[in-house]
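Consider the two complexes below, in which chain A is the common component and chain B and chain C are the respective partners.
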Partner chain A sequence: MRSLGFMRHLNQEKIVLLLTALLFVVFSLTLNNFLAGDNILSLMRSVAVLGILGLGMLVVVLGRGIDLSLVAVMAISVAWSMQLIHEGLPVSVALTIGLLFALGIALCTGILVAYAEIPPLFATLAMATFVYGFGRAHLIVGTDVVYMPKTMGWVVSLGQGKLLGVPMPIVVAAGMALVVFLFLRFTKIGSFIYAIGDNLAASRISGIAVRPMLVLQYVLSGGIAFVAGIITATSVEAMNTRIVNSNMIYDVILVVVLGGVGLSGGRGNVRNVIVGTLLIGVLMNGMTIMDVQYTVQNVIKSLILLLAIVVDSIVNPRDEQTGQQGDI
Partner chain B sequence: MASASNLTKLRYRFIPDHVIGEILSKKWIDNAIPFLVLLCVIAVFGTLIPNFFSASNLSITSRQLGEFALVGIAMMVVIVVGGIDLSVGSNFALGNFMTLALLNLAGWSVWAAVPAVILICGSVGLLNGVLVGYLRLRAFLTTLVTLIIVRAIVDMLLLKYAQAMSMSFYQSDLWDLMGLGGFFGIPFSFCVLVVVAIVGHVLLTRSRPGWRLMAIGGSRRSAHNIGLSVRGTVCAAYTISGMLCGLAGVLYAARLSGAGTDTGMGLEISALTAAVLGGNSLGGGRGSIVKALIGAVIVLIMTNGVLRLGLNSGSGPMVLGLTLIFAVFVDVRWLKNRDKLLNKVYVSPTYIELPEPVATSASSGTAFALNDRLKHVEIIGLAAVESPEDVILDEDDYLYCGTRHGDIVRFAPPDYTSHEVYAHIGGSPLGMSWDRDKNLVVCVGGMGLYKIDRNRNVTKVTDETNRSKLSIVDDSRLRLADDLDIAPDGRIFFSEATIRYEMHDWPVDALESRGNGRIICHDPKTGKTHTALRNLIFPNGVCTAHDGQSILFAESWACRINRYYISGPKAGTLERVLDRLPGYPDNINRASDGTYWAAIMGMRSPALDVALRMPGFRKRMARRIAPDQWLYPNLNIGCVIRFNDKGEVLESLWDQGAENHPMITSMREHKGYLYLGGITNNRIGRIRLEGRNEAWSGYSNYWGGRDGERAA
Partner chain C sequence: MGRNGLMKLAATAVAALAIGASAVKAADDMNDPYRDPALSSLAGKKIAYLPISIGFDLAQAWGGVVKTEAERYGMSFSSQDPNWNTDAMAQGMTALIAEHPDVIVTQNPDMQSLARLLKQANAEGIVVVQLNMQGAIQTDAFVGPDFIAMGEQAANMMLKKCGAETQTSHKVAIVQGVLTGGVSYYQVQGMMKVFNEHPEIQIVSSQAADWDASKARAITETALQQHPDLCGVIDVWDGQGIGTGAAIKQAGKQGQVYFITSGGGAQSMCDGLADGTYSAAINYNAPGMGRDAWTSIMIALQNNQGAGAIKTQIYSPTRVMTKEDVKEGSCWDPQQYAKILR
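Here is the complex of A and B:
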């Protein structure tokens, strides 16, 4: 009975945290240089962007949505900004235009979801396809990759600088995590987002302006995607628009879900995203040191996600009586 | 003024407004919008692209469609059951690779390789099915995981075997037929698709497993609670999806004979787009093969078309994305507003001009003059029955009535204080009659015609008739059979009040006052049912005339009583017996002296009579205000009348104070008493009649004697 009582306190977040700790210990004991300060920093740095995107996804998922257009918005808006700088616009103006583009697209997505009542899965999927297509056809013509202009100025330090020896991407990610945490925890709007995700009909009846709230969530995630894009672009000095066709958006979902954020909304916190990101970071770093093939890494990542959701479904069972209709 | 009303009359006579509502209520109308999108896409790309309609292009397109639509159907099957399968693309690539590997490297024959590949891909589906169905994981995440894993496995296999595979080349006639040939000029893969689509359509719409699939998709909880095996069925859906992907992979392999890392990349997105464009609802319960096919054709034409137009690399996704947004938007709006639209449009009143009613005031001197003859009705079974629409007595004086709970209740003579449930049928039992063998034949609203034999066994007599060729609503099922009588030769004639509304919406039919009803004849000798008369205005109260050559029936909302000859020289003709009734006639039954009793269930009111001549007004009313505030016929107070074969009304019985038994839908004379039933009552009434034949009973009058032997 004791063990059952222990099981009852186990949730996905704790399982993943335990798993991360376990992996961390195993890697520290078996792999050379894993515990070295540089390696830990590069581990965190490698997943900083993923973590930031995870925050954007979190905000949307909490309101029972999903945003598959994150990566597309990130790639196209930042690539276009840099293209504009290449064409001679001042950095600040170009970045503002890029940000406004990202926010505008996110606003459209939000309106489609909230007012046109298109299921988020489709609205964002279609938006991702559209944004990528539109960007490639009209904004960034001729090349897949837009290189970072030399004239970016202080912005470059976001990707390449260091604060007290810590690479800036980690600092930015940590800062954003704090901001999102404070926003969700202490603002009225944050509580509303939880309420909407928990029970949309009840929130509407109790007087929350549900539709504007939903739009706001997508706009926030669009803004976060732009920041993630700036960091990606400045740390590798280029933005490859082909990233849209990669598995990256699945990785973002992985990070969010792994940490225990419920896709049916209303359940989850910044903490969950951090835990999920750390697990992926430790895993990828360890496997890279072990020189595991990329495809095998994918398999291992997926198996871990599978394990996490299987354990979750055993610990918190859903059945035909409790499952929500149309919840996929 | 007269010409204006004539114009209105003609307009409502010849413009069939009600058809719009009926079309909207059809299930296939769901496909209308995807189909329109399909036509637009074909029109746009057909004009933009030269040779779009040429034989060679159509052949290429249909060959590709064969593969793609199979994946689309695979996606649809899981969407219908309330899931999603993102692994279709990887599974397709796996199928493609395995086919080539088995043929080229392992040296298997096509006959062995194809089933093997389908089984391999089916086992991937089975894995999804076990995880989603039995472990109840989330479909989206689970299939995302299998997407990545299967893709990685294919990549690893390719890394190992791609070179060896490119060295060898499999060749056989069958393989060439699959890849390049076809039957009668139709590409092989398209033929496969046609077969799969037809089998799938029949399974999904006309078989038990298909219905279970739809039921689980529609409401998983309800399906579980009625005892369907939800987990097994969900698992089966994923397995089928996997097998279809395998089949598509085989066809792809036969066409291109090559495997690359980009095979099937992003196919899950295209298939999802196709499924949703076609109108399959995410979340389940709404979907069909036709929808999947329409969606697949749209997506294929668009992706191919954008490629053929030679636009730059971004335009394809852009157009696809915009179309997806637009189509899903329209579909979501349509789904949300269809019922609202239907509610607004379905009620379609028509013009009807009722003749001036006969005066009923006490001083008018007509046979309808108000009186208080029903004031001292004896009450039977107060609060023991609910809505006894009809009452009937047998030779042993037992009294039977139906209730809205679907029971036939029997009261025991002589005082009728004790009662029992004689039989349970279900539905709403309405009119009743004895047949020669003393079986009780009952019209059951919402179910049809049922028979209760002397051992109280309930059997269905009929619940369908011949479908009329031009009607849009399916009028083969009986919706509201309301009264019957049996001819001397055993044929059962019964009325169906309306074919446009269900049982409980019958007041709305009054608002329409169109001829929505019919008289149907069932012949127990042949077991056949056919419609004898159509387009009657709420027919009701069927009664065989005393000479057995005709039936009398009431047309309630038209306030008249008609005669229809069923045998003899005038067989098949219809004539008016009685009109200008001051109320709405209901059941008609024989009286002991060769005349007939008829119940008037409610009285006409001048306001509704005027409204009946203003269909536009009634239509606006139906659209703009809530149904409980509509103008309905009054059904609170009525009377019983007696009339003869010539159509002369001889007397009427009223309860002027509306104290004991004002609402009457049926009455039976039995051994000097008149028994009264009313559909909104909680009681049965009985009143002693003066100067009547005290031995007369309905059964012996119809069938003669106690044993059913007609007296000489």
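Here is the complex of A and C:
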């Protein structure tokens, strides 16, 4: 019975954490150099952008929303900024315009969701298509890959620099995780987001300005997307707007859901995102070392997600009390 | 002067007139007699351009060149952008066949998706030019690099830097595009043909980065950590290779790791060669491919044998470039061609 008691304490986050630890041990024992400090840094670095986007998704999902426009906003806003620099604008001005564009789009999305009451799934899906289409037609007029201008200055260090030997993308991701954690945990607005996600009607009755809060969530996620874009672009010295067509947005949802954040809102925190991101990082790094093909990697990734969900539903069966309305 | 004299004068005058007239006629003949039929076989014809996307540098150069020439000869040129969506492209192709232009210039997303439609277009008398990647069917012209030969060429270049005669680890990594895409698949096939005959070469990693520079960066970073003595890397496309090069640079291995890539020779290729992102690049000159496509259109329309009567594989010439070859104007500006297509 003791083992069953132990099982009771398992939730998806712990299952995924265990799975990550297990994979980590297996890889450490079987793969050369897996445990090397440099490899661990490279592992974390390769999922830093994913983790940052995961934070943006977390803020929205906690309020019972979802943001499918994250990747589109990230790609178009940053690509446009770099294009403006190519056209001769000063770096600071161009980056400010890009950030304002990202925030402006997110504001529109938020208004659509909060005031027009369009389901977030559709509002953000439409917005993603709009941002990409508009951006490709009117903002990024040349090729769909915008190369990083040579004049980016200190901004480049966000993608390529190091702080005490740790690559900057990891430092930025960790810093943002801390900020989002503090925001959700210790500010009134943070608590309101949980309340709204948990029970929107009750939050409204108890006096929370629900609609502006929803808008704020999307604006935050838009700003986070811009930061993730800057790191992507400066790391590889280019922003390829084609990633909007890739399955990257599903990877973002994957790390959030995998870590145990409930898509029905109100459940989850930054820790869940970190755990989900680390699992993907360990998995991808190990498979890259083993020279497993990318398509096979995707299959394994999705199998792990299914496994985590199945185990979760076995140890935490849904019933009338735990099940929530609004699950996607 | 008698009657006879008058007659002589008249005859001389007539003769002079005739000579004068024939001189005029000779001046007329100095015009190229072949120009008019050639021009009239082109004028008023319709060219439809449907690549898998118009947003990338290669497609912009091909389309830009063909459009410029088409307009020069009074032809109409229209283009569609399926934006990497194979379904949208197949629909666009179906609609095009119904519209019945005289020429369709297209770029296959893969071997099979358009094969049946291209065959149908040819059967209905539309000249079909395929760019960069040949579908499972041959039409009037295929214009593109011989990717298998290019893979072999890259592998042979790598042998010089990392082969048996060198004091290196002989370790080589390959960064592919997508596994099923012909551009990537055939290059890798060519490389492996060479490397399989050279057992000293050790392929330590051969993975697909999905045409994404970020993935290429992550893959190469890991490969470099696993094999710090890595001798060379081949990436099948320079647009993705910028990430591969960034990983090499950020690991401080520029100079140690020989990095070969290939592409259409846009300015970004020259920039990458100049700053050492790429050690060497095989340039298949996209505007040159545009010219080849235009040439094949002229051949098909002027000979008027019917669509699909003459089928030609037009393999693009390539040129290996290193830092030393980069000069002002060695590469082309995609913006310039993008403007033409707009």
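Everything that follows uses one rule, which is that the second predicted complex is superposed on the first by the 320 of 328 C-alpha atoms of A that agree within 3 Å, B and C clash if a C-alpha of one lies under 4 Å from a C-alpha of the other, contacts with A are read in each partner's own complex, and residues count from 1 in each chain.
Keep this in mind: a residue touches a chain if its C-beta (ideal position, glycine included) is under 8 Å from a C-beta of that chain, and two chains touch if they have at least 3 such contacts.
Everything numeric in this text was worked out from a predicted model, so none of it was measured.
Novice: Of chain B and chain C, which one touches more residues of chain A?
Specialist: On the superposition, B touches more of the residues of chain A.
Novice: For A:N199, decide between first (touching chain B), second (touching chain C), both and neither.
Specialist: A:N199: touches no partner chain.
Novice: Does chain B (first) or chain C (second) touch A:N11, or do both, or does neither?
Specialist: Neither partner.
Novice: Once the structures are superposed on A, label A:V257 by its partner contacts, choosing first (chain B), second (chain C), both or neither.
Specialist: Once the two structures are laid over each other on A, A:V257 reaches chain B alone.
Novice: According to the stated criteria, A:D38 is in contact with first (chain B), second (chain C), both, or neither; which is it?
Specialist: second
Novice: Applying the touch criterion given at the start, work out whether A:R136 contacts chain B, chain C, both or neither, answering first, second, both or neither.
Specialist: both
Novice: Just chain B (first), just chain C (second), both, or neither: which does A:N245 touch?
Specialist: Both: A:N245 reaches chain B and chain C.
Novice: For A:Y147, decide between first (touching chain B), second (touching chain C), both and neither.
Specialist: A:Y147: touches chain C, not chain B.
Novice: For A:E237, select first, second, both or neither according to whether it touches chain B, chain C, the two together, or no partner.
Specialist: second
Novice: For A:T295, using the defined touch cut-off, is the partner it touches chain B, chain C, both, or neither? Pick first, second, both or neither.
Specialist: In the superposition, A:T295 touches chain B and chain C alike.
Novice: If you lay the two complexes on top of each other, which residues of chain A touch chain B in one and chain C in the other?
Specialist: Common to the two interfaces on chain A: residues 136, 141, 245, 293, 295.
Novice: Taking the touch rule as given, give the residues of chain C at its contact with chain A in the complex, in rising order.
Specialist: Going through chain C, the ones touching chain A are 53, 55-57, 60, 83-85, 179, 204-219, 221-223, 225-226, 239, 242-243, 246, 250, 266, 268, 271, 277, 334-335, 338-339, 342.
Novice: Using the touch definition up top, name the residues of chain B that touch chain A in the complex.
Specialist: Where chain B meets chain A, its residues are 82-84, 131, 135-142, 144-149, 151-153, 155-156, 219-221, 223-225, 230, 265-266, 269, 272-273, 276, 282-284, 311-322, 324-325, 328-329, 332-333, 336.
Novice: Which part of chain A faces chain C closely enough to touch in the complex?
Specialist: Counting only chain A, the residues touching chain C are 32-33, 36, 38-39, 42, 45-46, 49, 136, 141-145, 147, 160, 232, 235-238, 240-243, 245-246, 284-285, 288-289, 291, 293-295.
Novice: Please give the residue numbers of chain A that touch chain B in the complex, ascending.
Specialist: Those in contact with chain B are residues 112, 116-119, 121-123, 125-138, 141, 245, 247, 250, 253, 257, 263, 293, 295-296, 298-299, 301-303, 305-306, 309-310, 313, 317-321, 323, 325-328.
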